[in-house]
Amino acid sequence: MDILNALVAFLNFVFIPAAAYGAQLALGALGVTLIYAILRFSNFAHGDTMAFGTAITILVTWGLQSLGISLGPLPTALLALPFGIAATALLVLGTDRAVYRFYRAQKAAPIIFVMASVGVMFVMNGLTRLLIGVDEQRFDDGARFIIAVRDFREWSGLVEGLALRSTQALTVVVTVIVCAALFWFLNRTKSGKAMRAYSDNEDLALLSGIDPERVVRLTWIIAAGLMTIAGVLYGLDKSFRPFNYFQILLPIFAAAIVGGLGNPVGAIAGGFLVAFSEVAVTYPWVKVAGYLFPDWQPGGLLQLLGTEYKFAVSFVILIVVLLFRPTGLFRGKSV
Amino acid sequence: MSDQDAVFGKRGNRDLSVVNPNGRGTIDGTRRSGPVRQGHAGDPFLIGENMTGGYGKGADILHDCTIAVERGQIAVIVGPNGAGKSTAMKAIFGMLNLRKGSVRLDGRDITALNPQDRVKAGMGFVPQVNNIFPSMTVEENLEMGAFIRKDDIRRTMEQVYDLFPAVAAKRRQAAGELSGGQRQQVAVGRALMTQPSVLMLDEPTAGVSPIVMDELFDRIIAIARGGLPVLMVEQNAKQAMMIADKAYVLVQGANAHTGTGHELMQNDEVRRTFLGG
Amino acid sequence: MIRVEDLHRHFGGFRAVDGASLTIETGSITGLIGPNGAGKSTLFNVIAGVLPPTSGRVFMDGEDITGLPPHALFHKGLLRTFQLAHEFSSMTVRENLMMVPGAQSGETIWKTWFQRGRIEREETALRRKADEVLDFLTIRHLTHEKAGNLSGGQKKLLELGRTMMVDAKVVFLDEVGAGVNRTLLMTIADAIIRLNKERGYTFCVIEHDMDFIGKLCDPVIVMAEGKVLAKGSASDIMQNEAVIEAYLGTGLKNKDMVGA
Amino acid sequence: MSSNRQAAASSPWRAPVLFAILAALFVLEGTVRNGMFSGSWNTSLAILNMGLISAITALGVNMQWGYAGLFNTGVVGFLAIGGLAPVLVSLPPVEGAWAAGGPRLILSLLVGLGTLALARIVYGRTRKVWTVALVLLVGLVAYRWLFDPAVTAIEANDPARTGNIGGLGLPILLSWLVGGAFAAAAAWAVGKVALGLRSDYLAIATLGIGEIIVAVMRNEDWLARGVKNIAAIPRPVPYETELQQNPAFADFAAGWGFGVAEASGIWVKLCYMSLFLVVLLVIILLAELALKSPWGRMMRAIRDNETAAEAMGKDVTARHLQVFVLGSAVIGVAGAMMITLDGLLAPTSFNPLRYTFLIWVMVIVGGSGNNWGSVLGAVLIWFLWIKAEVWGPNLIGVLVGPLPDGDIKAHLLGSAPHMRFIAMGLVLLMVLRFAPRGLVPEK
Amino acid sequence: EDVKLGISLGFTGPLESMAPGMASGAELAMKEVTDSGLLLDGSTVTAVQGDSTCIDAAAATATVERLITAEGVKGIVGGMCSGEAIASLQNVAVPNGVVMISPSATSPALSTIEDNGLFFRTSPSDARQGEVMAEIMMEKGIQNAAITYTNNDYGKGLADAFASSFQEKGGTVTVNAAHDDGKADYSAEVAALAAAGGDALVVVGYVDQGGSGVVRAALDTGAFDTFVFPDGMVGQALVDNFGSEIDGSFGQNPAAEGEGREKFLAMAEEAGFDGTSAYSAEAYDAAALMMLSMAAAKSSDPNVWKNNVMDVANEPGEKILPGELAKGLEILNGGGDIDYVGASSIEMVGAGESAGVYREVSFDNGEMTVVGYR
């Protein structure tokens, strides 16, 4: 039995990638959930707004790089992030002013907001492409690895290697910080409580002296921050191509829903659940089993289902989870 | 969570998942206030005068209706269901557009203000329905009542808890999980937290048990005698009339009878037709 | 008619209904009173199948109906109204009433394609019945109004009206009176008595208005903290020390300040 | 408050006027040639035909959402499963495929279904999770033992050209019904598990089922060749090339002043159009009859307030299941029709943006709850979706015209195709602005 | 006369990043011909672009319908993905008698479709490339390999063709698994490939799509360090993305001996686009073939010149490379015969499919070098 190698193989191929991916989904889902809870609709433009924020950040990153500014081992994009957030915040506030505010004043049915967000999605989609094109862009710099496979093998003498990219670590760390900050904000500050109050009962919030438009603005600004951070981390870790940011919308929604839409804890749990089920269920256990039981020669790959079904599989898992927890992973209080 | 979810759980598929209809409002929060004008000399503290108007583009509900309350007094509105009592309260609070008439507070004409600014101007209101934040705890509900206050709110909160011990025991529980009467107590408590300069209550005692109702009326009397004018709609008319300095009977959106509570109690017709014998 | 045996309903650690046992006799109008949070509505919801009990049984005419879904109970003749009005807000008042009766042929989809005439006849009868109920509740003028636009009290009337659309065996009324004008409430009380006498409905009524309870109910059951505290005739109950202590109180303390 | 505005907005003329405007758009597309329209009847009718199919899909979604408030995010899956029908029903049988493993395959599917049913019964009887797991495990092993060799054999049967189980060679119109039945069966299974529980659950279950169905169609080559696609699906209407060789038709075309190629295209499209219209009208008729009856009233009540409806004796879960199955069946019919029109089954094309969200846009823009609204919204949005391909680039041409020549202008002109989305988005936002409750709101 | 040619590619949709390069390739050929003034007595050729979306058959059909019936194009470079290509061919091009030459659609279904001789493609056949790839690997001594393919007919077809010929030659395929383009994450795919193992990973995908994503993840986790790249992956982008990380990997793409592809690359650079982007060269060839065939048939009517496509593309005749279209036109105008080789070494076999010659490339020291041709 070779537990160490088995463990390393598991960490390297399942745990670390899934954790990073899960954190990316969680950040995205957090934004979706926030808008759902407070502005009362699912924002289909989320993915494309993430792409927009990332595109701006990339442009600024390039500018900084050409000026020779860098963050040492950390990606320069982190420096550019505030600019990206600011630009995205302006964009979403402008969108709100031009599009959503009208329906708010009209008290239009919430589904109308969803459809308006689909319209916004189309526009953002085009806008991002006009801005930066359709091609893949790489903008990560700084140290690529915290632990590189080769170094790890040399250091440990194991057959299996372990890689930890700095972007993966960064993603997880930033996710933790952002979540904690958001929690603190929503549950402890007056503005955060005002947002929750508005989410709970708009009219009564207004009758308590809470300015609804201020709540809406605040929500958009926070959402813009979440979207840009999520987009940039995702782009750093994978690569940036506008189309992928639309594709990621589906898993993000799945994560938000399974966690219980409107619930930030749920969004995070949902993100990790989706990511881990995608990776773990389709993982062929043959190698790990080989280390654990050297005498056993399994015929196949010990894979439950092929990777082509990974998204489907993750959905089945979500449904099974919901069967046992019919109210989503976390019901509790909505935001 | 909407009201029904507290009891019935999240069942069904209506409008959820992609949109969140819970707690949607009816007031247009984007509307801006118009200018505040000078009031009339000799006005009561709060007066909605000759109000005519209705919801949206629909027919008029209020017809030339006047409601007023003086400093330190309690004014009570009674009337059959659908008479327009709640509508009159909303009109005074700026929640529907008046076609005619004006609302004046403390010597200023506030007809053009939006509800948010009326709150800032010192008005406090407990609506008849949807009057709590269901997913926030009782304590947070009270805090939200004090949203515009900058001073220390702990003392007021203790007073509210003293007034409603049943609610005090549940201060960390989500308000949506309370019983009907308990919610009503939270709603009134929330308004008390505002420390407004005028308090408007729409059926504050609906669904509360007799013992609590008595407490509540006691409290309202104390508040009013402390100088804070109270305007309320009541269906528990007999008790309400007993404590009213001024009473209005509304019928079909118009003033039918006006007088002190005592006077109206004496009036046979009023008693028979509106106060339940 | 209804027998409840040692019923428990807990929310997390909180015992909203904590071992309640009671019977509602056939043909009676039973009152159910108790302080706020005593567990009355929760008890109703468990009986009506909206909430599953934590433990305990509910019987109707000797038959165990614990945990049956509300629509099944409806067809057994058990109807209820809600404390917070549950109207169909985007439908007109008349439609709110007409949708109530079960077993309408027009509710079977293929019959809507092939049996138009029959449906038309049924509809006419229903419409007439709905209008009678509206007349009775004095809200005939609101026939075509959207139920969502009704005032708080009018919604309560509509709740009651729905129970009058079918032949019920037992009707649970959860605070029909709250928010209803007192004069009208007395009319409603008369109506309840008439339904009880003429059509043999059994009623169970939650209410905080003691005049109403006194006029209507015999016997009256008092709940407190999830348990049955007392049972008896209305006048007995109003004399009961424990009930006065927990529920009724002794009236305004600040009487001296009234009218000052 | 909003309800008063609703009533005010729906004047009886609104729908006819909007339909007339829509018709005018198609006539313009058929006759006028400029920067906006192409002036070709073929283009115009091609858009219309697909628009009609979208309209049927939208009707299905409208039944689920507009009548019952069920949020189905798996439209693409039900379309796809409906699209399977023409392949399995109408394609000629594949030589050797049946012999290679047909009976074994059927048997394995029966065993699979039987296992599920048995598990359910066992669970109902014993309530023991372990026995159920055991039943499932044994069933799964048996199923795979039967299934895998059969599939391997079928897929090995001339994989470059066929490799699938093949069809029954029955008339294509029959497959439209079968498509509806397929989708209904899938919907029934999904609904049994997912309906009656909380809302998000249905959204995620349908989102998942959509993905799963499409994934199965992409990866199970024995079923319909997977990503290798199936082409040349039989048609219910004549082929253009046949018409072109028919001298009588050539005369007929000349009589109308059309070239024979053009006329053949128009003729075929008109034939399709009539078929689609018949299906559309039948579905609308049945839907309207039901909706204007107590059934419709009951559905509205359920949508409005499930708790109260349940207390008033309506079996909400059963009704939800019913309307979910009906709506999905309609979507399935549309799927079969679409595959027939395309003459092609390409599983890669089933993506949610196009087949779920765009359909939703159609329903909402049209006015949810209103059948005619859905039809209007569907045809209009489809028209815009196609025309945005031309309008977008033209728009950017106009916009950057005044700019000085240079990198930026070149970049913008180079990005012209992406104006398709911007144009689509802007038009959508404008329509919603002009009619925030949909073009033809529910009364 | 002004001859219009349609370009129907997926400018939006999953392969949107490949479409502009392809369109530029096709337009380059048209410009070359127009500038020469030698086609059909000085006709000019203009391109009309249409967005086929790659995945939406109905939208693609509508687009092609517009190109043909409204714009009156005489031939169409496209479609891009097999599904939409089949739909628009069956429903529009064949009924209207217009030729389509697809630079990238490789579905076997397209070989057997009833096309009235109106469909051709310049992309190579899967079978041939699979064999070439297997040969090269065997020579390098790679006995077992894992395959990941993009989950469409191109990926599936090529992966299967390769797998069978590799196994025939005695190799072992440890796993043959799909990946989807444009997905958020490829950890699961790479985990599966790594678990199956192998001396090399064959990446049948697109370089600016999921293919690169899989390679990236495989490198980072140390799952594989030798990769084999077929035509969709070989391009400058690969070198830009991975530099020396993929040293020791190799691949092949269609290009004849002689400077066909190099010439095209130079021309592309001059015209300001990246000629190595996937299928750009094939698009150039598709457009060139159309115009040469028109010259050979002395007519722009597709129903006439469709019969000349095979002649123009194949022996006998003078070999024509990119940039030599004028020369080709001149020969054809003079009644001579040409063998168009083009940028991707066109050789038409069977029902208008391209057989092609492949060049073998290897990656060393962060650069791509041509090893030889086969």
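Should a chain be cited, it is by its letter among A, B, C, D and E, assigned in written order, with residues numbered from 1 in that chain.
As a convention for this text, contacts are C-beta pairs under 8 Å (C-beta built on N, C-alpha and C of every residue); 3 or more make two chains touch, one makes a residue touch a chain.
This one's a predicted model, so the numbers in the text were calculated from it and none came from an experiment.
J.: What shortest step count links chain C and chain E in the network of chain contacts?
T.: Between chain C and chain E, the shortest chain-hopping route counts 2.
J.: What are the chains that chain A and chain C both touch?
T.: Per touch definition, common to chain A and chain C: B, D.
J.: Please flag the chain sitting at the greatest distance from chain A, going by CA centroids.
T.: Ranked by distance of C-alpha centres from chain A, the top chain is C.
J.: Report the inter-centroid distance (CA atoms only) between chain B and chain E in whole Å.
T.: 73
J.: Determine the centre-to-centre distance between chain A and chain D, using the mean Cα coordinates as centres, and give it in whole Å.
T.: A distance of 30 Å separates the two centres.
J.: In whole angstrom, what separates the CA-based centres of chain B and chain D?
T.: Computed from C-alpha means, the inter-chain centre distance equals 51 Å.
J.: Rounded to a whole Å, what is the gap between the Cα centroids of chain B and chain C?
T.: Each chain's C-alpha centroid was found; their separation is 27 Å.
J.: Do you know which chain B residues sit against two or more other chains?
T.: 4, 8-10, 15-18, 26, 55, 58
J.: Give me the residues of chain C that touch two or more other chains.
T.: 50, 86, 149 - these are the residues of chain C that touch more than one other chain.
J.: Any chance you could list the residues of chain E touching two or more other chains?
T.: 16, 20, 151, 178
J.: Provide the residue numbers of chain A that touch chain E in the complex, in ascending order.
T.: Where chain A meets chain E, its residues are 9, 12-14, 17-18, 21, 24-25, 129, 134-136, 138, 145, 149-150, 153, 161, 163, 165, 234, 238-239, 241, 243-244, 247-248, 251, 275, 278-279, 282-288, 301, 303, 306-308, 310.
J.: Would you pull the chain E residues touching chain A in the complex into a rising list?
T.: 13-14, 16-17, 20, 151, 175, 177-180, 182-185, 187-192, 194-197, 208, 212-213, 216-217, 220-223, 237, 241
J.: Please name which positions on chain B make contact with chain A in the complex.
T.: 1, 9-10, 15-31, 93, 115-116, 119-120, 125, 127, 130-136, 140, 143-145, 147-148, 174, 190, 194
J.: Help me check something: in the complex, which residues belonging to chain B touch chain C?
T.: Touch list, chain B to chain C: 3-4, 7-8, 55, 58, 79-83, 85-87, 128-129, 166, 177-182, 184-185, 203, 206-215, 217-218, 221-222, 225, 235-239, 242-243, 245, 260-262, 272-277.
J.: Considering the complex alone, what residue numbers of chain D touch chain C?
T.: 3, 286, 289-290, 293-295, 297-298, 300-301, 304-305, 307-316, 322, 326
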